[in-house]
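Note sheet for the following structure.
Chain lettering (A, B, C, D and E) follows the sequence in which the chains are written, and residue indices restart at 1 in each chain.
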């Protein structure tokens, strides 16, 4: 039941709140981060590579 | 339009303090302690078959209780609760009912259930919480119940069955069934608020219910002197405007006759009746209890002399309806049957794990099915 | 070691059905309905000061009740609940107590509170839930309480105060205070389980408590005939082995004398006492209720003739302790004082918002402080 | 169809049920000739006789004990508790008896025919003994169903379902809407399924969950939010037990945000269960913490009732906080 | 210091309290000469007399009603309810009276002197009427304190705090540990603050929260997890009301994960409040959903007690799921 059954809605991200925090701390919009997890879930590595890529 | 209908009381012009013991209620008894009918009494009409059924049920229950106390000591069951010394109260009252009347028990009325036809096997299945237990192994030992025998499943919280009996009897009256409900409870349980609720409502709503109090002197360790200050339970009936009978609970014929009259009042006149049966809890409260800590051996001995089983046996012997050898032989047979059934029941497995979620609702909810699935998955690991 | 101490009952040898009305309890009365003492009675020793205090309290309460019913109709308060017709029961009983005795009310005993010295202003502050209300505006109108006057704050759930009175009285006995607790309740509330609990425990624990039932014939719309089937409440006392007095609740002298005797029994002999005061609820249950839907005008009229205020007034007139003019003038004064106090109280603001979290615990928890802060922030928006 | 207020809808449901099945009986304090203190049972005694609609003595534990017994006999009792605040003396009969009757007996006996009706909730200047919302006290009790309608139409349909549901149901009526809420209600029988939430209004930015009288509060809050351009999805749980977590979770997976608005004091109100379950079911979708707007953790006050209540303004603020998180 | 089991620790606390203040009285069903069915009050009647330690009639609503009255008079009653399963007849006296006494009277009166002791919990083959963990039923009640000790040392210190705390306290004793738990306990008076959780074990990967007998279960689960290299922080709430959300939130902000393990049936157990509150307070730190390990949503069974219980294995599985989320 805790499994994500579908992808996030338009303009929203699939991510744990802790990952959301990391995005906030990095000053980026998490909805823009491509997620590598199941159903496009954004993982903390994704934030990191987005930040690295952005640099 | 309703009107206020308290009858105008008589007037007195000096403070009249009614004493708390203004009403002394006598106890009805037919057999003396040796089983001899009192001079000139009218005995209830009980034919030989019925008398023997009552007697053999008494013998069975005595054996069952003694055996299961032992079984608990041996660690074969977790808990047991006997009716030693009180067999006449339950069996005598059950015998005076129609089979279709509802019985609601407290937990010390295995006699009534046996009288209705609950088999040794059924007793054992419940006591071992096995897959064949009618209650599906969900309740502690002695919490019997059987719809086919019109014996409501027992519930541990004390007194709750009392207003339930009032409601059940209301339904019987509403259906014009000609039936009644008899509800048992201890003198301890009679302290609960539910007792007050049940009796008062029965009086006002005029339902065919018999409130049968087994006054056995104790509630676990608490003697009746610390339970109540009045003259037992019977005078409370008068407080509710309810017809009331006090009877010797160790005299099965008196119990039978009293219950018969109560049933007549209940069914024919919609008059609920309170019966207080005076008896004594011969054993500990349950196998978890040791009464030597709170009462004297002398007291116990005095009551042992009033044994209801011995008393009825003597009566039947004198009447020539039984003889010593047959009675003893029967007892021996029962002993063996009980032991055999016990060994049988021990072997029956526990109920299927699915039963853990059945009967919470009429059908399991989605959440419950999910919880069961998780549980099974967990068990598989 | 405890022993079982039910006295052995007498034995009878035929089924003796005790009738629900086996015990008829008479009603104690001193004054006839015109206020004339019955022939040859001993009146309680009440000096002129006390008699006038009782009378003026009755007058005050009558005025207060009538005025506040009107105030509710005018929309000035949300709710009111009068004691019209029952002034003698509360005031007569309160007058027989010591000031330090505890009184626990149901909600129709403003007379007792006024007798103890609750001021018009204090009444009004409570009725208007304003910042000066001792109860801090937290309860509906008429839920008075005052520690200084030994009058326990009233609680809406019916019957709960009855076992509480038993506990309070136990504390008084434990401290050897020579004091008692008097607890009021209606004949309707006497159906609650808490009634049974409170009276039975009091009997067993022998506490100095007086259980004062105001039997006014109705519980909202429910007449006593649908509340109980026995002879009122008094016979229940006997069921608990408790000393019991039935008194004419509209005869303030009889109520006084009965309560005096009950207090003596309670304090000197640790004998709890049940008093049943027979009276009638002259008005609707509360301002939310209209009794014309469920009872006849004739019935009301019959009771109007038994008015306790008129009866006592006649007695005092005949004794020469009051005269018509002074009594009327006093009444007029009270009317004006009540109106003035009402106008005053209306102007007092509601309690400070901080009071919303005080007294949940002895000091507000951190969570509560946080919730109050959020609330204040929200209000500021 | 007819215009009915919530009381009339209840009365109509009882009438339909009693006409349909003569095992249906209605009883409680003052419910007989008088028709109950709110008049929900008006006319029923006249129509169906004293044996099917009657006053009981004043004893809640007795009313429910009696009702349990009557239901176990095969009756369909509809017991009234005059105020939700006075249901606690019957707590043992409900929690230990009603709820466990079928389970403990291995289905030898059940009280599925039982329905308990009781008015609940604040906003009527009733202080702490005429204003409580005690649903959460019962929601920890497997075996019970708990149902709360938000308007007259729902009230009638849900009550009819409750009466004929083969399980015991606690039916709680929002008393401040008894006369205030008026709507079109069919005069004949109809039912609304138990255990199913309803999406009262669809939206995409935030999910708002409530039940009973609180739905009106939530709707007002949503109106304010819509003015700010926020699209709110409103869900009425309707059943508190068993409750429809899936409908809520689905909505939150769409909106990413959840505000629960409830009357009862904050700690351990039913919103706690909703929040606990939804953070699990829709974890990865949550854009902000699930918020609960509730009464304060105090007994229900009188003078400060307005401040105490979880009103539309507090709910609106919570919506804004959730969106601006 | 002496070795005591949990019962002896309780008995010692009562003894110390009664010796210290003669307003302390102890009563309930069978607590007098007999010393209670579990013998928690053994010897107290002999030592302090029948007026300070006594049997009551068999009526829970009366026991608590009486206790409320005695406390309002200035006494320090310690009332025993024989089993937590039998506390429900007293629910009205506790929820409507005890909890609201001070508030409704504007502090004219209070029952702060009251302590209610009751054994709770499963694991003793007691079926549904000797096994329940009813703390959650009371936790929705502002005005009450609820305290549950996990071992003998805690039991004595917390009970002494409860008895002398100026607020009414419901003190729940894990009966399956009565004799099973043994530890060093000072013979003299000492107290442990109410409303404060304790970090029983520090750790960095996941926070485990529980109370009472469940702490032992959690410790076992943590041992298993540690073998997998998982560092668990264990928090004993000790007080259920008011409860120490800050200590839990702080821990979760560190570990990012939370598992609550509790005996009671899942829906609306106290874990729901913990989860609802912590997802709010520590939202941005959550790496995985807050998980609750609980009893099933059924009455407490007998034959399948073992399967029903939230044991260390189920708790361990939940820890793994949380970490692998």
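Operating definition for what follows: a residue touches a chain if its C-beta (ideal position, glycine included) is under 8 Å from a C-beta of that chain, and two chains touch if they have at least 3 such contacts.
Chain-to-protein mapping (UniProt): D, E = 2-oxoisovalerate dehydrogenase subunit beta.
None of these values were measured; they are calculated from a predicted model.
Colleague: Going by the stated contact rule, which chains contact subunit B and subunit D alike?
Modeller: Touches both subunit B and subunit D: C, E.
Colleague: Which chains does subunit C share as contact partners with subunit D?
Modeller: Per touch definition, common to subunit C and subunit D: B, E.
Colleague: Sort out for me whether C-E or A-E is joined by the greater number of C-beta contact pairs.
Modeller: When the contacts at A-E and C-E are counted, C-E has more.
Colleague: So the centre of each chain is just the mean of its C-alpha atoms; given that, what is the distance between subunit D and subunit E in Å?
Modeller: The separation of the two C-alpha centroids amounts to 30 Å.
Colleague: Between subunit A and subunit C, what is the gap in Å from one C-alpha centre to the other?
Modeller: Subunit A and subunit C have C-alpha centres separated by 68 Å.
Colleague: Rounded to a whole Å, what is the gap between the Cα centroids of subunit B and subunit E?
Modeller: One centre to the other, that is 36 Å.
Colleague: Can you compute the centre-to-centre distance for subunit A and subunit D, using the mean CA position of each chain? Integer Å is fine.
Modeller: 39
Colleague: Which positions in subunit D touch two or more other chains at once?
Modeller: Within subunit D, residues 33, 54, 56-57, 59, 61-62, 85, 88-89, 92, 96, 100, 103-104, 128-129, 142-143, 267, 280, 283, 286, 289, 297-299 contact more than one other chain.
Colleague: What are the residue numbers in subunit C that touch two or more other chains?
Modeller: Touching at least two other chains: 1-2, 136, 138-139, 143, 155, 157, 191-194, 196-197, 200, 204, 221-222, 226-228, 294, 360, 365, 367-368.
Colleague: Identify all positions of subunit A at which a residue touches two or more other chains, and write them in rising order.
Modeller: In subunit A, residues 1-2, 16-17, 20 touch at least two other chains, as defined above.
Colleague: Going by the touch rule stated at the top, which chains touch which?
Modeller: So, checking each combination of chains, I get A-D, A-E, B-C, B-D, B-E, C-D, C-E, D-E as the touching pairs.
Colleague: Name, in rising order, each residue of subunit C that touches subunit D in their complex.
Modeller: For this pair, the touching residues of subunit C are 78-79, 129-130, 136-140, 143, 155-158, 188-189, 191-194, 219-222, 226-228, 288-289, 293-294, 350-351, 353, 355-357, 360, 365, 367-368, 371-372, 375, 378-379, 381.
Colleague: Sort out for me which residues of subunit A touch subunit D in the complex.
Modeller: Touching subunit D: residues 1-2, 4-6, 8-9, 12, 14-17, 20, 41 of subunit A.
Colleague: Where on subunit C does subunit E make contact in their complex?
Modeller: Going through subunit C, the ones touching subunit E are 1-2, 102, 133-136, 138-139, 143, 145-147, 152-153, 155, 157, 160, 162-172, 174, 181, 193-194, 196-198, 200-201, 204-205, 358-362, 365-368.
Colleague: What residues of subunit D sit close enough to touch subunit C in their complex?
Modeller: Checking each residue of subunit D against subunit C gives 29-30, 32-34, 37, 54-62, 85-86, 88-89, 125-130, 266-267, 296-299, 301-304, 307-308, 313-314, 317.
Colleague: Enumerate the contact residues on subunit C facing subunit B in the complex.
Modeller: 1-7, 9-30, 38, 40-42, 191-197, 200, 203-204, 206, 215, 217-218, 221-232, 234-248, 257-258, 261, 265, 273, 278, 280, 294-296, 299
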